[in-house]
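In what comes next, chain A is part of two complexes: it sits with chain B in the first one and with chain C in the second one.
Up next, the complex of A and B:
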């Protein structure tokens, strides 16, 4: 069997002693959104792999923190680390996620992280 | 009769996920990605971690407002002060694909209660909390907590008042989370060691609240069997 052409050690070399996602710091360029921005989760195809939960698709949320820079899970699952992007921590209203969520608890929220290419301005 | 007696097999069944794990592990070893010794070292390391460092982090933050600010801003840096280096302490020196080096400490307030889940798998801040409890990995907890958080918390015996905001944190990417609950009443003048004892694992996941007298080492309740066998 011929040897694989990719470098199995490249993540090890990059992340050792630095940590992941720290090793991608500074590679994403300017962030598209800032804290306080209202965004909407796009409904992109996810044939192979994603970590953007189906329940967030099409919902609006508020940016609460720009957490770190990283290749998105969709790429990293295939060992592709070329497209580093900003990861946003987003705050959702539970009422927006689950229409049947009790009105009595309309103050309840959910926080989770979504990579930049999944977001559009709301 | 003795000749008819056969010892029952110790393991009745192996799940498909266990078979998958063994298959992938053996392939990885055969391919030279890591050795069985690496695997043993990692497993040993992981299974000897405990929630104590995270409990101490919370106790320190209760006592020191400056440290609390640091914990909320940079959990990885704050972990160093309780003896946990997310990057260099791990056998790999960079975490693993399931333990990325980004910790966030979610601070409760009188009007905000956090609770952590990983709906997509079972992401858990192992470097500072040790192995996750079995229930944390079940589809039951993962599917229901995001949708019916108050109901699930009440199943843990935790009733959240109506005027408090419940915030579910879904650990879906590279950040791992612990909850910093409010310091309970009745702990005035306590030392860091005393406070550390009441911050149990469940408090750090967010499904329980710390209270004086309730520690991780409490004796377990013993209930006598209704129909004891052979006595």
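Up next, the complex of A and C:
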């Protein structure tokens, strides 16, 4: 079996003096959602890796900000950086996430960032 | 809302709380039909995805970082500057690839350090034999 060759310079060349995720700016194309849109988190497999929290699956949220463009964590964790996506900052109602959440705090919210391929229109 | 998904999610979060590094019963290579869907989902989940799990509260303790922890952090950053890994690959390896027992059972920078050693072996910068010999050599300095 031959040894694989790793390109040790491609990320350094891309990000030096610019920063990461700034170095991916302009690579994600047009965003699928805009601020104010209602979205729902897909129930995708999470085998091997994800940073999309299990507790958000199937829940609805509101887009509050398009944060930056980046390869999704599932890809970047194996250094696959070709498919760049928009990251969305999403606002959830705590009552939607946790059935036992106290009614007295029904206005509480939770904000977290999730990549575009996890989202579908609500 | 996806009622079926939400029900599965909440059931999953209840179930994974039962997975703790402890010996409960023998589970030696079970037959496929002995592994339930709940168990499969719990076994294969990313071990860092702990949000919503039921657990007991733990004591908060302020602790200053030690020299070996700073050295470990710097080593891992240098590996990134040298292109050996990126931050997401580092997180994947130290938070998920280690599995739940090591994730919950080892100190934070202990996982960083183990992972820094493993990436060097995985990407063939050193052989495992070389690493074992080096660990043995350094250990003997303290005998």
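Criterion: the second predicted complex is superposed on the first by the 118 of 122 C-alpha atoms of A that agree within 3 Å, B and C clash if a C-alpha of one lies under 4 Å from a C-alpha of the other, contacts with A are read in each partner's own complex, and residues count from 1 in each chain.
Convention: contacts are C-beta pairs under 8 Å (C-beta built on N, C-alpha and C of every residue); 3 or more make two chains touch, one makes a residue touch a chain.
Nothing here was measured: the structure is a model prediction, and the numbers come from that model.
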Chain A superposed: clash or fit between chain B and chain C?
-> clash
Touching A:12, do we find chain B (first), chain C (second), both, or neither?
-> both
Partner chain in contact with A:35 - chain B first, chain C second, else both or neither | neither
Partner chain in contact with A:73 - chain B first, chain C second, else both or neither = both
After lining up the shared chain so the two structures overlap, which partner does A:99 touch, if you call chain B first and chain C second: first, second, both or neither?
-> second
Touch check for A:43: first (chain B), second (chain C), both, or neither?
-> second
Based on the superposed arrangement, let me know which partner A:53 touches: chain B (first), chain C (second), both, or neither?
-> both
Among 20-28, 164-172 or 218-226, which stretch of chain B shows C-alpha clashes with chain C in the combined arrangement?
-> 20-28
Would you please give the residues of chain A that touch chain B in one complex and also touch chain C in the other complex?
-> 8, 11-12, 20, 53, 55, 73, 97-98
In the complex, go through chain A and note every residue touching chain B.
-> 8, 11-12, 15-23, 51-53, 55, 67-68, 70, 73, 87, 89, 91, 94, 97-98, 101, 104-105, 107-115
Please name which positions on chain A make contact with chain C in the complex.
-> 3-4, 6-12, 20, 40, 43, 46-50, 53-55, 57-60, 73, 76-79, 96-99
Quick one: which bits of chain C touch chain A in the complex? Just the residue numbers, please.
-> 1-6, 8-10, 12-13, 44-46, 49, 51-52, 81-89, 91-92, 96, 123-124
Can you check the complex and tell me which residues of chain B touch chain A?
-> 33, 76, 86-88, 92-95, 100-102, 104, 119-120, 146-147, 149-150, 162, 165-175
